[in-house]
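Got some structures for you, see below.
Two complexes are shown next, each including subunit A; its partner changes from subunit B in the first to subunit C in the second.
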Partner chain A sequence: MLNFKIERTPAPRWAVVVIPIVAVLVTFLLCSILVLMAGANPFAAFYNFIVTPLSSQVSALEVLVKSTPLILTGMAVTFAFTAGYFNIGAEGQLYAGAIAATWVGITFTNLPGIVMIPLMVVAGFAGGVLWALIPALLKVKLKVDEVVTTLLMNSIIMFFVSFLLNGPWRSPVSGWPQSAEISDAAHFARLFPKSRLHIGFIIALLVVVIVYILIKRTPLGLKMRASGASLTGAQFAGIDTTRTMLIAALVSGGIAGLAGAVEIGGIHFHLIESISNGFGYTGIIVATLGSLHPIGATIAAMFIGLIGTGSQTVSRVLGVPVYLGDVVQNTLLLVTLAMFLLQNYRIKRV
Partner chain B sequence: MDTFLVGLIAATLRVATPLIFGTLGELFCERAGILNLGIEGTMFFGAFTGFAVAATSGSVWLGLLAALLSGALAGLLMSLFSVKLGVNQHVSGLGITLLLTALSLYGFRLIFGESQVNPSIEGFKQLSIFSGSPILGPIFSQYLLTYIAIALIPVVGWVIYKTNLGLQIRAVGENPEATDAAGLNVVRLRTLALVIGGSLMAVGGAFLSIAQLGSFTFGIIAGRGWVCIALIIFANWQPNKVLWGALLFGGVSALQLRLQGMGFKLPYEVFLALPYIVTIIALTIGGRNAQAPAAMLKPYRRE
Partner chain C sequence: MYAVEMLGITKQFGNVLASDNVHFCLEKGEIHALLGENGAGKTTLMRILYGLYKADAGEIFIDGQKVEVTSPKQAIQAGIGMVTQHFTLVPTLTVAENIVLGYHDKHTVSKSEIEAKVKQASEKYGIHVEPAALVRQLSVGERQRVEILKALYRNARILIMDEPTAVLVPQEVDVLFESLLRLVKSGLSVIFISHKLHEVMAVCDRITVLRNGHVTGTVRKDETTQQDLANMMVGRETFGVSRQAKRETGKVIYTVKNLSANNKQGLPTLKDVSFEVHAGEILGVAGVSGNGQTELTQVLTGTLKPTEGSVSLGQVDLTQADPHAITEAGVGRTPEDRHEGSIGSLSVAENLALEDLDQFIHNGLLDQAAITENAKKYIDEFQIKASPSDQLRKLSGGNMQKVILARALCRKPKLVIASQPTRGLDVGATEYVRNKLLAERDRGAGVVLLSEDLDEIIALSDRIAVIYEGCIRGIIPTADATAEKLGMMMAGAC
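Entry: the complex of A and B
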């Protein structure tokens, strides 16, 4: 078993386009087994995954609603990973942003929307930066592994959210642990009638453009890419890698915080424990599927939003458990990871 | 000794059990140079497989065996990506956690339907060793897996430090190039470590579903895998120190549950978050003399 070895050879150009398509096909093939186990037709299932969500305007917009936080966490992860900082903490930073935005929304209730919403966005970014600060400082100053610290910070903030919602912030009118609702002025404007799509999506697209410019067109981006490619190499080239990594880590945290802020202002309107359905972790999938390219990651986020919307249809129409969507999404990640290696390596029998 | 303290000690051992299994499992992986972030999903998958097989076959022993095998499978999957293909360990580990979690949820709904009432089984029984004694009786009235977990600690220590296999696993985690040059198969050794590690993690998860709870809930693991990642640093990658970290964590959790039950109005979340905060502090202070395996996170590929 597993009798093969891997050799390095450059990939042909067409591979970049073909690999994602092949990965999707392989994923569907693997997941058909699960669909068959549920006694449903795999073709019907994948039709409902891919085509049905796009067949009406409302559900097509819902795909964008679902992809909004994923675009942001995907950008957060892309930004940090590009600089070689393995931020696994987007999930926690998202919650920090959500807490900060909620605080603004329930505290300054007299503010008009035009002031309120930008303030929430800034607060969300600041919350994410703050939560990313401790692991980032520990990494650059004391060389403490960021993977473990950011992961632990995710758990810590969940206890803090639970504390807020069962204690000081608990809404007296609700039976559930949730905060008071943010003021009406703090509700993000909707973009279309009959759809939940809100200005958070526009914010997400703006962030994509900014991240693209920062990474590809600025000296900072060059330093980040150099540090990510080879830390010692970047240091030999005279790059202040400590500063570069610190900036990358904090901006990454801020972008993840934005995801929390837009979910509060656009979808939930109060803090609850289940704001994120693992969006921070999915951001790692999004960034990886997009090969750490902002545009690629955006497409990946929209595709995952599509699968997320589709899984509800599949579940309703075919009676397949809704978690099929999660299985498809994560299988796609692993298949693509394997395929990316095939892009640069050839497998040979030994 | 009053009943409060006796109950606390008994509960501490119970809470520590899945953590000991998980941490020892992760120890095998990390000693071989692989940070296995698949642990959270592997424990969840073990809890699900153990429960599903126990419920459908009617035998908790078959459930335990199935959990063990499911963990070995999870280890093989991690090996395929992180060892054979040399994918970034963070991404492949998290991907495996997410995939195994989703697969377990899908399988659970497929087998048990969308019922609001959680299905339950008659799980493992507690074994009383000193049933007559008022103090030792309740403390040593534990599930078989708890006794096994504690007994495993010296066994794993022996395997890691005193056997050829342990030496080879440590070697491959410290310096795979030299290990390869010495004629050992790096891929095979790392795969073996991941398979052993995965099996232990999955049994830790199954302890919750087929012994302690007798049911499977979606929040059954609730970050215990991440706690194990922290505990292993706390234990400085040494098997014998795993016990103290697990007992400390178990003790704090058991204590906060009891204080809450007695009506103390304290934010119990502080206690729950404490072990994580302590670990970050321990990492910071002990970071410089931490004995992490030198080749951890580095994929090995013959050029």
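Entry: the complex of A and C
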């Protein structure tokens, strides 16, 4: 019988890249069980998840459409988590941004596109910041756990959206719980014919670049990374961790709000209750899978977008319920987190 | 017959000999003190008895029978109970639930049944507890009583108490001693780990003194004095050696007056601390750990706000200052725990730049080149075996400490606060750090050296302040410090 001991060692540098890849493989392995239970072939399922969506231009562009809000919420969550602020409220902040952008879109109907679109972007960001403010203040002033508060704020705003759409903003034309359409000038331009891909995607990529620069190249970014890694170490070095965390929380909210504005301006053109399919929560998966690195998160967002597009094909072609996509995504989160924990240990023969 | 005999116990951790051929015997019905300063080996020895550690050599006999205690469960079965400094109670459960936790023979327990059992035990042993009370509502003294009853409930005939009075107020200490004396009359034997001479003399029958892992004496209380014990506790060759001649020091640059502070749990831990530091001197703060050094370090480095008193560097008032302001005023600080006071996942260069980011900003962005240059300079000067981009946590303890020291000393501070600067370092790194502190003194800075290593304090300091239970018991020139004087102050005896 071999004798082992388990000891704690610092994680190797390559783990950051290898873990997400291995996590994907392990996830597929685990989810194969479900696919088999549904009576389908796992290899066919994963082929349809990954390869089929990329096989035509329209389909590939649709993957990018699906990725756009995920890139933004992924950036939002990455930004907050880097500073040690666990923003679970990206979903609610997204809706807050959507509300603000919709308001701009249906109110200032006489302004041209060149003004409207930046205005909607700014409004979306502002909406997200405002919605992130209360949990952020509670955390830095009273040490109230932000996981709980941001999560609860999500519920509050969902009810508020429902109120708006069934009340003051209910469409007078159709009577359905949906807002009036934003003005034509406020529609985000499409990038390719026959595809829904819009300039929101470009905005998302710009945000990735800005977030990258902020985190890696600015003093604020260094302070955030310090605070997130070791609050005591950062405080000892004289960093104002309260202010740093507050900024991180608010900017994170703003970026999530931006995701809402982009979905309104690029896809839906009016406010409805289902503009988000859990994008705020998926942003957490994206950020974790990307090892909290902006580029990693972007790749992760596109991968999740790929699976999301693929799961529709899988359900149509193989008869596996479309929820398999959700199961894969969330299993991926659990596996990735487990691997990030285990990377700190080594089994040694004694 | 002895209740416990530990013969020839030897235990090594890496290259530290924690227990060196220790003989320890506990008579039945006695309260026996284990006395010693930091690192003497008291807790290690008791952990071996309680099955938490396995001795490398030696034998243990309980009531004359040789035993192999390989786990606390076995120790409990052998009749040994331990009450540690940090309680192992579940705050959200009741007293009764905590006491029976892990020790009842049925699968379902009714609340009234266990409360009745605990009430019975409480009366039998004369340890007053409220079985239905929630632990989180209890005071520290009450919680300790629950821990004691927990051990007795498991039929402990030998009770180990590790620094029991460290967390108690004087009234609770009296209650504790009264309980112990009563329990001992009905057959319990107690091992009392402590560094406090007056308590040991008050309640114990015999005393074993440990120093550096070996026994320096076992005596009966009535055959010894506090001075003798102090000598046994702290006496070493270095006391006889002539030290560097008394040097001229400059004017007072740092004044701490009537400083009081509460620890993170809200208990008063610093009481009316006052001292001054001159330019060109090292003031050593000696004391057994747990007597307020941590809180003093935290207040002086800016991570804990004092409740009373003042701290000033020259004309600058630093009493309520935050770490940044303190650094700006010209104080170089090292944290007590280098892992908590630095950022392991950032690079060496980033850690070095962290206290003074403003000088590395160019057009709003970080000037990477300048940060790296800065790091190279200090890596060179302090002989740090690392490159600027290495992650700090990959470095050895010694190199990590050098980075922290470089950060503290790089702006040529007027005052250096060095807290446990050589803790856990190898011989080479320790030499280096100590020489650097001496160099700072020679440069004209003042140094406050807080260290649990008395050898270090004696070797480096010009004057020594002893802290005990949050107060400064005395400040004496090192040339006048004898084992007796220091030991008495450190153990609260004078």
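By definition in this document, the second predicted complex is superposed on the first by the 330 of 350 C-alpha atoms of A that agree within 3 Å, B and C clash if a C-alpha of one lies under 4 Å from a C-alpha of the other, contacts with A are read in each partner's own complex, and residues count from 1 in each chain.
Rule of thumb we're sticking to: contacts are C-beta pairs under 8 Å (C-beta built on N, C-alpha and C of every residue); 3 or more make two chains touch, one makes a residue touch a chain.
Every value quoted in this text rests on a predicted model; they were computed, and no experiment measured them.
**Q** After lining up the shared chain so the two structures overlap, which partner does A:L72 touch, if you call subunit B first and subunit C second: first, second, both or neither?
**A** After superposing on A, A:L72 lies clear of both subunit B and subunit C.
**Q** Once the structures are superposed on A, label A:T232 by its partner contacts, choosing first (subunit B), second (subunit C), both or neither.
**A** second
**Q** Does subunit A have more residues touched by subunit B or by subunit C?
**A** Looking at subunit B versus subunit C, the one contacting more residues of subunit A is B.
**Q** By the touch definition at the top of the document, which applies to A:D326: first (subunit B), second (subunit C), both, or neither?
**A** A:D326 sits against subunit B, while subunit C stays out of touch.
**Q** If we count contacts the way the header does, which residues on subunit A are in touch with subunit B in the complex?
**A** Spelled out, the residues of subunit A in touch with subunit B are 2, 4-6, 34, 37-38, 86, 88, 134, 138, 142-145, 147-149, 151-156, 158-160, 162-163, 166-167, 278, 281-282, 284-285, 288, 321-324, 326-327, 329-331, 333-334, 337-338, 341.
**Q** Which residues of subunit B touch subunit A in the complex?
**A** So the residues of subunit B in touch with subunit A come to 35, 37, 80-81, 84-87, 90-92, 94-96, 98-99, 101-103, 105-106, 109-110, 187, 191, 223, 226, 229-230, 233, 267, 269-270, 272-273, 276-277, 279-280, 283-284, 287-288, 301-302.
**Q** Quick one: which bits of subunit A touch subunit C in the complex? Just the residue numbers, please.
**A** Contact set of subunit A toward subunit C: 10, 213, 217-219, 221-223, 225-226, 229-230, 232-240.
**Q** Hey, which residues of subunit C end up touching subunit A in the complex?
**A** For subunit C paired with subunit A, touching residues are 301-303, 322-327, 333, 335, 340-346, 350-351, 353-355, 357, 360-361, 364-366, 368, 391, 393-394, 407.
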